[in-house]
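Alright, structures below, take your time with them.
Next come two complexes built around chain A: one with chain B, the other with chain C.
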Partner chain A sequence: MTATTAPDRLRRPATPPRAPARPARRTRRSLLPYLLLVPAVVLELGVHVVPMVVGVWMSLLELTQFHIRDWSTAPFVGLDNYRATLDVDTAAGQELLHSFWVTAAYTVASVGLSWLLGIAAAVVLQRPFRGRAFLRTLFLTPYALPIYAAVVTWSFMFQRDTGLVNQVLLDTGITDHRPFWLIGGNSFVAVLVVSVWRSWPFAFLCLMAGLQNVPDDMYEAAYIDGAGFWRRFQYVTLPMLRPVNQVLLLVLFLWTFNDFNTPYLLFGGSAPPAADLVSIHIYQSSFIIWDFGAGSAMSVTLLLFLLVVTAGYLFLTRRRRSDA
Partner chain B sequence: MAIGLPKRLLTTAATALLLAAGLAACGDSAEPAGAPKTLTYWASNQGSSLDADKQILQPELDKFERQTGIKVTVEVVPWSDLLNRLLAAATSGQGPDVVNIGNTWSASLQATGAFIPFDDATIAAVGGKDRFVPAALAAAGAAGKPPTAVPIYSLAYALYYNKKMFADAGITAPPATWEDLVTAGRKLTGGGKWGLAVEGANISENAHHAFTFGQQYGGEWFDAAGKATFDTPQNVAAIKRYIDFMAVDKIANPSNAEYAQNQSVSDFANGKAAMLLWQAAGSALKAQNMSPDAYGVAPVPFLASPPSGGKRVNSMVAGINMAVFKHTKNRDAALQFVKFMTSDEEQVILNRTYGSLPSVKTVAGDAAFAAPEQKALAEVLGSTAAPLPQVPAESQFETLVGTAMKELFADAASGKQITEEMVKAKLTNAQQQVRS
Partner chain C sequence: MRETAAERYVRWVVLALLTVFTVTPLYVMLTSAAKPLRDVQGDFTWLPSRPTLQAFVDMWRTVPLGRYLANSLVVSSVAAVFSVTVAIFAAFALSRYRFRGRGTFSVTVLSTQMFPGILFLLPLFLIYVNLGNATGIELYASRTGLIITYLTFSLPFSIWMLTGYFDSIPRGLDEAAQVDGAGPMRVLFQVILPASVPGIVAVTVYAFMTAWGEVLFASVMTDESSRTLAVGLKGYATQYNVYWNQVMAASLVVSVPVVAGFLFLQRYFVAGLTAGAVK
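Take a look at the complex of A and B:
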């Protein structure tokens, strides 16, 4: 019982109790908060909303290099860009669909592995021991490294003849030949490894913070009731981490699905078919060939897909919570 | 403490802050009349680093300022950013006055209408059409239209070969045909060394070779109407010839299939490969401690018996052009600067430093370009080089065909047999993705 009720307290920690408003001088005072909100609203509009609306508008235009200088000359083509890019009977449509499935597999694998590593490390480091601070810092290093330097280093490590990865595989006798990592089928594994390496520290950080909020007496109570490590993990740790997990999985999903930097840096601009992630596919098949309308159509489609997934996810997790 | 302040004061302060921010954003940045003219110049990365370029260019810009009173602020933009930055400047109508562009982008950028066209009057203002090397000027925009830029650095492909490795293998002369190259390559391959180094995952390099081989087999990548013709039998044969260096002849290391960061130049410089097809590799080889005496430079080979329609072309016209944005407020000063950068004196200084070739005819005979490498490149550029298709869809050709070749190299490296059907299927797939 405790396990299911306690998280409810944690779920809405951000709302401070509202002070009762005094009716006197109300009109004059109520102006200030709105005024103070203006910079944030202006920035939000400028940084998020306006570019998004412009992107949607672009996707309805035949915006190529002929019209990039003066968008008003670009012919309005309605949904033609969507039709052209999403038609799976064409070569371009098939490649986009293939890229979508690759990305879906990549995202599921990367988020799953990152979460597993994160929770394992967080649980191991939950109790104080000598060297805990050092391990925490060490585990967080990939998250703190600049992405460019980190991924380029990985690309050197994955090189077939001179890379560290193959050297280790050969020295330990795991393989007797040098496989390719940056081209062909293994490229999926390569980009997945780098992605997990980059994102699991974030999962670790969030879960570690979440574990700080689990009261010790709950573990003690479970221990006295005779629960072993796994039962405590299953009935205390996991339920207590649910609010953290809900946000963490969503954020990791969105970041990973949209990930552009990792494949772009790892494969030098164009990804091999096995690792043709959708963000780099859109970049390669539209922006780099000056078809900005089609690129926007693909981006808007991706945005809609992510919105639907996010909404569905939130709906399901909310419902489960109210069921509980 | 904010709590102690009267609310009205806070409100006023907040309003003032917002207004000030708004006003600053609306502020006009135009220079007052009579102030010394300033130009902004985006240079491409030609030297070993962005800093090196800045140090090479700055004395020349200072010289220009002394001569004309026009100050030029230079920013060296890396190649990975240059096209995106140019597009942003074209879209917004703000940005630099003068820019360097890769000459293969000329027709695409010309279509944006963002640059001042070099019609007869304009080109006369920078010294006249006849000053420029015709092949280089042909790569500055679509045929029949005024060039969208003028060439400043010219380059061509050549065959670089390791003299010692050739001597050790008993090869006396550089190969003049692909058949000879394969024979020589087989002799040179073995013991961890390879006959030829290719940059298999580099899309642009692949596309450049696709063009040259295509020309030799009588293929065209676009028809007269600008429509893509990627999967013709000639083009299939051309691509297969290039991939076969790895797939069939086995004179290129399969590892080259993942090369995209100029590792093939390193392999050549380190003696791991005996031959390299590259444009003006001299400065890069020097940077990797390969002495100019250690390698020879020969024209890129031809087919021993070209098929009908095969052209005697063994390089694209490679190079950098200089363009002026229409949105410049200092058109005359910008053209003056273009004239300065394409003047005899600057052409010698800059091209000598960068190891490229002058784009103007008047200094072609200068002693600065008498080294064997420059002589070989000039010979190619003057006689057997042709510009890449000057059509707006050219960048699609580079991306799609270059990627198809990257995938074919990956297949070849993993031991798959490369058939004509496979090549044709890849090229058909690429062609279907071209948007017109």
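Take a look at the complex of A and C:
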């Protein structure tokens, strides 16, 4: 940033006399940025904003399999879909609440572990040594792998009778039987492991890029002052990474909370209750039970929840940053 | 600054654990692809009883993998090129001009990233079907529809990253070109673009990978003729049998181009991320 602002500032005394001399260019200029944005705006409107508005409208209709062919016959039911899906006294409400807690636990565990692995790798790869470039490349591979190829491999590893996981557990004597991993309670562990395997390289990539901006002098200075590894980590690395962390944690949170691909590819259309993440839960009620009104109502609720969390997060991190 | 013995020990332990975690699935994929079918139907073995490349031959016949591969290639490349082109113009506007609505645009575009895909999946599906019925433009079950959808998926992040990248190019360069009489488009094409090749490469790779790996929309928006790899790989699991060796062989084949491209360009990717996203 300093490199870009410094020349501007030096130049500034020269600009004022020139500025009034080009009013004609100004008018043309004021249109140009809008023209440049037209393609992006049209695409975002068409593929994101308009369908979202339609989605909100759908959540107010009774859109079951009887009405899906012809929308105009779908009765307007107001907030009934919300009442039906969010009321925790009903079975549907209970299931959604359960799904929410599963997703919350999944998100906290996955984001936390991914960040820990990412920061560990970024820190130990900070100083040069033989093989560093190779390891860095290797660690990024899971992120580059197409998700379906990665998850299908894990699902092979988690197979009860033919998978690697149970074979290792038996060979090392940790268990004396073959547990199921893709159904029942263990499915939460399975989906979490796959999720961390997929997303920690992204945390590593961002943190590594962030560490490159930390000047070596700061570590040298801390070292000369007698700071050990942990103190340098605490007083140099972490504060310098704060802007990266602020964005990284938010992005990881949103991706993980919305994650559909991992459970869908691991379990197929219907996830076991222990791994019933909220987006697969919504998918199930939309496409398997054929109630799109209820599915849309749950999606809108999910979006509102994410908006509130994001706004709160940004508010808190901004304020803390300006305090510091 | 000396590294203590304890620090070195910890470093190697951390690296060893991370390596095992990262490599195990890759190892399983590689070795299982080289196994005969009966090896993957019994207890797991670390090595093939008899290494064979038969799975790499059979996988093209069990499902029409060639067609899925071609569909994925076309959809992902076209989506990536268009996404980056649109992002370049938008990022140029955001980086070099101050105009009313600038902040609103940035926030709106970035916030579309947090939409749960499931929320606009069905509306978009119905819009595509209805648009097709009304105008004859086939968007549902066509590669065009997928291309349009996917290019918007990578657009927000691409715009954001390129804006940051363009911001890091000194304005003095623009002004020098303007003094020479260059208009805004010439500034963009002759000054800014040549100086931001790493950022553009990084964004292109990102857009390609986004499209290549997308699953949810591919599973609803495609039919047999426009099916992409994301959905096509499911075909190896039949009612009676899963051809795990062929699944692994096919996964390997579809991973190689993106992994190779990404790893080859990772230096640009990290450079682009450093300049653009991490400020």
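By our rule, the second predicted complex is superposed on the first by the 299 of 324 C-alpha atoms of A that agree within 3 Å, B and C clash if a C-alpha of one lies under 4 Å from a C-alpha of the other, contacts with A are read in each partner's own complex, and residues count from 1 in each chain.
Just so it is clear, a residue touches a chain if its C-beta (ideal position, glycine included) is under 8 Å from a C-beta of that chain, and two chains touch if they have at least 3 such contacts.
None of these values were measured; they are calculated from a predicted model.
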Which of chain B and chain C A:Ser99 touches, first, second, both or neither: neither
A:Asn245 touches, of chain B and chain C: first, second, both or neither? neither
Touching partner for A:Glu220 - first (chain B), second (chain C), both, neither: second
Which of chain B and chain C A:Gly184 touches, first, second, both or neither: first
Partner chain(s) touched by A:Arg160 [first = chain B, second = chain C, both, neither]: first
Touched partner set for A:Leu307, first chain B, second chain C, both or neither: second
First, second, both or neither for A:Leu32, with chain B first and chain C second: both
Residue contacts with chain A in the superposition, chain B compared against chain C: C
First (chain B), second (chain C), both or neither touched by A:Val47: second
Chain B versus chain C as contact partner of A:Ala91, first or second or both or neither: first
Residues of chain A that lie at the interface with chain B and also at the interface with chain C: 29, 32, 36, 39, 71, 161
Residue ranges of chain C touching chain A (in the complex, touch as defined): 1, 3-4, 7, 10-11, 14-15, 18-19, 21-26, 28-29, 32, 40-44, 86-87, 89-90, 92-94, 97, 99, 101-102, 105, 108-109, 111-120, 122-124, 126-127, 148-149, 151-152, 155-156, 159, 167-172, 175, 184, 209, 212-213, 215-216, 219-220, 229-230, 233, 244, 247-248, 251-252, 254-255, 258-259, 262-263, 266, 269-270, 273-274, 277-279
Residues of chain B defined as touching chain A within the complex: 7, 10-11, 14-15, 18, 21, 87, 90-91, 93, 108-109, 111-114, 201-203, 253-255, 257-258, 260-261, 263, 392-393, 395-396, 399-400, 402-403, 406-407, 409-410, 413-414, 429, 432-433, 435
Sites on chain A touched by chain C in the complex: 1, 3-4, 7-8, 11, 29-30, 32-34, 36-37, 39-41, 43-44, 46-52, 54-55, 58, 71, 117, 120-121, 124-125, 127, 135, 137-150, 152-154, 156-157, 161-164, 166-167, 197, 205-206, 208-210, 212-213, 219-220, 223, 229, 243-244, 247, 254, 258, 260-261, 264-265, 279, 282-283, 286-287, 292, 295-296, 299-300, 302-303, 306-307, 310
Parts of chain A lying in touch with chain B, wherever the complex brings them together: 28-29, 31-32, 35-36, 38-39, 64-66, 68-69, 71, 84, 90-92, 95, 159-161, 180, 182-184, 267-270, 272-273, 284-285, 288-291, 294
